[in-house]
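Below, subunit A partners subunit B and then partners subunit C, in two separate complexes.
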Partner chain A sequence: MSDTAATLTQDRQKLEMAALSAPAVIFTVGMIAFPVVYTIWLGFQTFSSTGKQSFAGLANYLKLISDVEFWHGLWITIALFVLSLVLQLVFGVWLALVLFNAKRLPGIVRSLFISPFMMPPVVAGMMWLVILDPSLGAANYILQSLGLPPSDWLASPTWVIPTVALIDSWQWTPYVALIVLGGLQSLPPSVYEAAQIDGASPFKTFQRITLPLLLPTIVTAAILRSVDLLRFFDIIYITTQGGPGNASNTLNIYGFRVGFEFFNIGYASALMLTLTAIVFGAVLAFNRLRGAVAW
Partner chain B sequence: MKARMLATHVALPVLIMAVSAQAHAADFDWMKFKGKTVTFLANNNPVSQALLTYKADFEKLTGMTLKVDGYQEQQMRQRLVTVMNANSDEVDVFMTLPSREGEQFAAAGWYGDLTAMAKNMVAKDYDPDGLSQALLKAATFGGKLTSMPMNIEGPIFYYRTDIFKKCGLEAPKTIKDVEAAAEKIKACDSAVTPFVSRGLKPAVAYTFSNMLHNIGGSYIANGKSNLCSAKGKEALDTYSRLLRDFGPPGVVNYSFQQISALYRSGRAAMAFESSNELRTVMEGGARLKDTGLLPFPAGDAGQVPTTIGWGMAVSSHSKQPDAAWYFVQWATSPEVQKKMALQGIAPPRPSVAKDPEYRKWIDEEPVRKEWQAALDVLATKGSSEVGYPIVANPESREFIGQAVQDLILKQKPIDQACADADKALDALIAQK
Partner chain C sequence: MNDAANTDRWIRWLNTLQLVLAGVVIMAPTVWMVLSSFKPSFEVTAYPPTMIFSPTLENYVALTKTTPFLSYALNSLIVTVGSTALGLLFGIPAAFAVSWTRISWPAILTLAARMAPGTLFLLPWYVMFRQIGMIGSYTALILSHAVITLPIVIWVLLPSFDGIPRSVFEAAQVDGCSVTRILWRIALPLVASGVAVSAILAFVFSWNYFLFALVLSNGDTKTLIAAAFNFIGEGSTQWGALMAAATLIALPPLVLAALVQRWLVSGLTLGAVKG
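Take a look at the complex of A and B:
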């Protein structure tokens, strides 16, 4: 076969492959693009309380600037994000180190350690709602048995965010631990052998070798958790619905209420697109950080 | 002569209407839509659960298939909003709370008009006039009947007769008696929560409205929000004080689930909660013999209980409204409502409430008798105004709840809490 004929056959094969995969590609792109484009379009519409729709231009986005609830929701979202992420990364790394070093731990115990994140968040929320009930819950019973004062937990405007962060961290720390554990298992043993020969203490080994080498893995875990944490919804919806008052009214909860309880779909779309932009911003920032710490 | 003409002019149309209605009823064929499928968007609450026990009966009677799309209340509304905004015919019949979303859904044109169907397309024994007139009126917007009542309900006052006896108290007759009883119970039995009701922001309006109306307040006066009126402030202050000083810790997160659980476990002496919760509260039988039930005690304006009911509406986008109406008619018929009543769903038909079989069920337990007596008061004196009677009613409930929570948590003085709420609510009232 001549070169020209071979090239023609290759081109034909490529065309055939493209034609065969086109429906799946179009379907997938459509499935991703349609909701996004539709939400962008909705963000330029205004809906009256009766559902009547009209073009609003940038009005929804201008309204965001003067909306006190938006800024409050943004602040709550960021506070919850930072607190939860710090807790999950710190305890996730610690749990991974425990699991890595306790090699003789039975499989069932390891499974128990990492089981919370397999639980649906709604179930986790319901479970903690019962445990933290100030009157009937086990948490206050234990505190009082130890001679400590009871807490209002989710019903206190001061404590609701730390409490929600604790619930989320209880559920997702094992997930971070699992990622970090994978990273630990892939670290080169030669570096540790060298450190041992040099007489480095366990803490120095962790500080100077393990942690720097683990940083790319930790940043990856941070990216994965950031996306979820900035879109925080289910546990808050189950436990407080944004309360008490509006003390746990994250942007996602606020957007949901505006859209599905007050039927202002246009403004809710603008809120959600703003939240999406924030999530993208955070992911890009973490990606840059990952590039900086890669080895 | 004039009298004869008048008699002819009045009597003849009435006679024709009566004969025509009888003819319609006689022509009525339950099998008319055999083979069709009706989709029912249901709130997965005790009312629909009791109704759907008899789903097979409907399918056997009509030859139709009933497809049930069931969700929790908020998720059901979310699904409905999506379907209706898309002008979709996926839903034929849906459950609705006229007191909450009636104005809004009617203005959006989501309800099919049932006026003619309820008059002309009925089986002989349907008796549309036998349904609670108050609930039918509450479901009528702009002269159009938008839904048929499935039940009657409202907040009622649950109290522990044994604790009242131990503390030397009589059943409260006024709101002031409730406060005095709470004070006495706090001193007499420190192990129980003296009083509990709704503190969760979106849920507050349901119970608070009863307090406001009993005290003599109103939500709107001269087209403006009225929470800062003397009566409005008195209601806000009394409601929040009862919960703050005598309620359980964390009451700001309390809705019906938490209230029922607390009362059922024996850890609350008084609870102001929905009549629908009777079955939940009595589960296990621990509270069966030591609970008394009343409509909420009177204020300066007497007793103006909150009375609402779930309704069944036909979607305006349904492509088969007649078949959908058959399902609505069956579900709200005297026969089915009697069966539901025997499962503890308060009937919206006085005739069912008087039915001997139902009366026998009521008479089996003293607490059921008191429950029915309270419901009778709700049916005769009730107001269906829960939150502001405006299109944005659901949003108005947020601001009522916010004002109450601000006071429970002592985050604002009453003048500021009511002024902030009035400002936000005035903006809602002004919305078109």
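Take a look at the complex of A and C:
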């Protein structure tokens, strides 16, 4: 008797739990899962200029393989991803060490350090657009005062990607630094004491002890940044829209323009699914790496 | 001994120097943006750039007079508050259920939005919302931005719910409390600060989000971020107004983030790092 009562309350509880998750699950299925399935279907369709759609089989994906602009976009996406990630991880770890050695970090200092990545990327883009203006910007003035040659920054096909990487790194290096700082603070102090007793130099201590212990945290930061960097959009769209020419036409920008400027929804769907596969592939790869460096 | 103390002082001095250097690099662009927004229009584009000037509000006045800045701001507020409320409404019970049952797939499902490029959803949304005539509606914008806020709420709240001792719930269950009652009466007050942090983070990221409003809004419902594009177009030489717009758009997230800075990092990594 009491047994059935117990299972009854347990069943009731399971039902109540399902009811609590239901709104979030239904919302996510409706807004994400169903639309993604729809995108997969759209990827097999072509739309004529009159808006009539017809089944196209793999035509969109075959087009992808022979589309010069796709390969260019892929190259730009990877270049921007690698450049930004390296900059942010190197400077992020450096900044974390500096912050760690400062010990006390007043709230106001912390607020200043998080301000770049709490500000809308669009605003960061507007701000740097003015600072990096080739003829009147403050950046070139500083370069010239130091006797260095000015740059065309975002207006130069050669320099636009490094410049965008620089803007994004200005925004997100403090974020990486704060993650790594969290990792530093959770390291057991005993390992340092042991190293000090052994008379290891600060550099050796960092190279042999701190860095290996920090690797899992650094890989976590790399995952979080990769996800954003591979689908880079805001700063480029607000500053160059993929230009000059197509010099900053990342896959996400290209897919957006194919979809919403040329209204080729079918081909844009194929492009976006490919990009999504790349992002998930990168996350899986980094996850394995994190498993390999865990301690 | 004296030598060691000297090296110590040197190292500390070097560290402070690096800290100041990093601070200047981080702060200078933002300071420059704010300064430029208060410059008289002829001085904003002065070359060499000027550091000393008599501050004026003319750029801000021009902004409100020549653009519908305030109605854009109102649109941003409606979409941001709406999507944050929706995220909390769906996210709080889901986070509680995931924490209690340890069945994590609903939480992981919502993470998909954090990983896939926004355009992936935007293409089908555009087709679907157009079919039912919802392009340009606040509803479409709020729903799309809730895709951003929901995972933030769930993943920020999960560790908070996990932190409540099980015995608290078990005692309430013995007293005959239903699960729903336990959530609203017992658990929620215990994670109130977590709810506040998740709400602020959700607000910030919804406010900052660019892509969806670019396509799903129209002239009447355009958010500030989506309208930023117009400011650049109109103000290619009006840097003062452009910087005034940038300053005002950045103000709400920066002020809110400063309020909860202590808890931000663990929240931002979706629980991956305990800050």
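By our rule, the second predicted complex is superposed on the first by the 259 of 295 C-alpha atoms of A that agree within 3 Å, B and C clash if a C-alpha of one lies under 4 Å from a C-alpha of the other, contacts with A are read in each partner's own complex, and residues count from 1 in each chain.
Definition applied: contacts are C-beta pairs under 8 Å (C-beta built on N, C-alpha and C of every residue); 3 or more make two chains touch, one makes a residue touch a chain.
Source: prediction; values computed, not measured.
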With subunit A superposed, do subunit B and subunit C clash or fit? clash
Classify the contacts of A:243 with the two partner chains as first (subunit B alone), second (subunit C alone), both, or neither. first
Comparing subunit C with subunit B, which touches more residues belonging to subunit A? C
So in the superposed three-chain picture, is A:113 touching just subunit B, just subunit C, both, or none of them (first/second/both/neither)? second
Answer with first, second, both or neither: which of subunit B and subunit C does A:260 touch in the superposed model? both
State whether A:58 touches subunit B only (first), subunit C only (second), both chains, or neither. neither
Partner chain(s) touched by A:86 [first = subunit B, second = subunit C, both, neither]: neither
Using the touch definition from the top, say if A:154 reaches subunit B (first), subunit C (second), both or neither. first
Touching A:211 in the superposition: subunit B (first), subunit C (second), both, neither? neither
Looking at the overlay, what does A:136 touch: subunit B (first), subunit C (second), both, or neither? both
Of the candidate stretches 5-13, 23-31, 77-85 or 383-391, which in subunit B collides with subunit C after aligning the structures? 77-85
Which subunit A residues come up in both lists, the one for subunit B and the one for subunit C? 135-136, 260, 265
Name, in rising order, each residue of subunit A that touches subunit C in their complex. 13, 16-21, 23-25, 27-29, 31-36, 38-39, 42, 94-95, 98-99, 101-102, 107, 109-116, 118-123, 126-131, 135-136, 138, 141, 170, 174-175, 178-179, 181-183, 186, 202, 217, 220, 224, 227, 230-231, 233-234, 237-238, 252, 255-256, 259-260, 265, 268-269, 272-273, 275-276, 279-280, 283
Along subunit C, where are the residues that touch subunit A in the complex? 11-12, 15-16, 18-19, 22-23, 25-27, 29-30, 32-33, 36, 45, 47-49, 89-91, 93-94, 96-98, 100-101, 106, 109-110, 112-128, 143-144, 146-147, 150, 154, 178-180, 183, 204, 207-208, 210-211, 214-215, 225, 228-229, 231-232, 239, 242-243, 245-246, 249-250, 253-254, 257-258, 261-262, 264-266, 268-269, 272-275
Quick one: in the complex, what on subunit A touches subunit B? 48-52, 133-136, 140, 150, 152-157, 239-246, 257, 260-263, 265
Which positions of subunit B touch subunit A when the two form their complex? 74, 77-78, 81, 84-85, 104, 107-110, 193, 200-202, 248-253, 258, 261-262, 265, 267, 391-392, 394-395, 398, 402, 405-406, 409, 411, 431-432
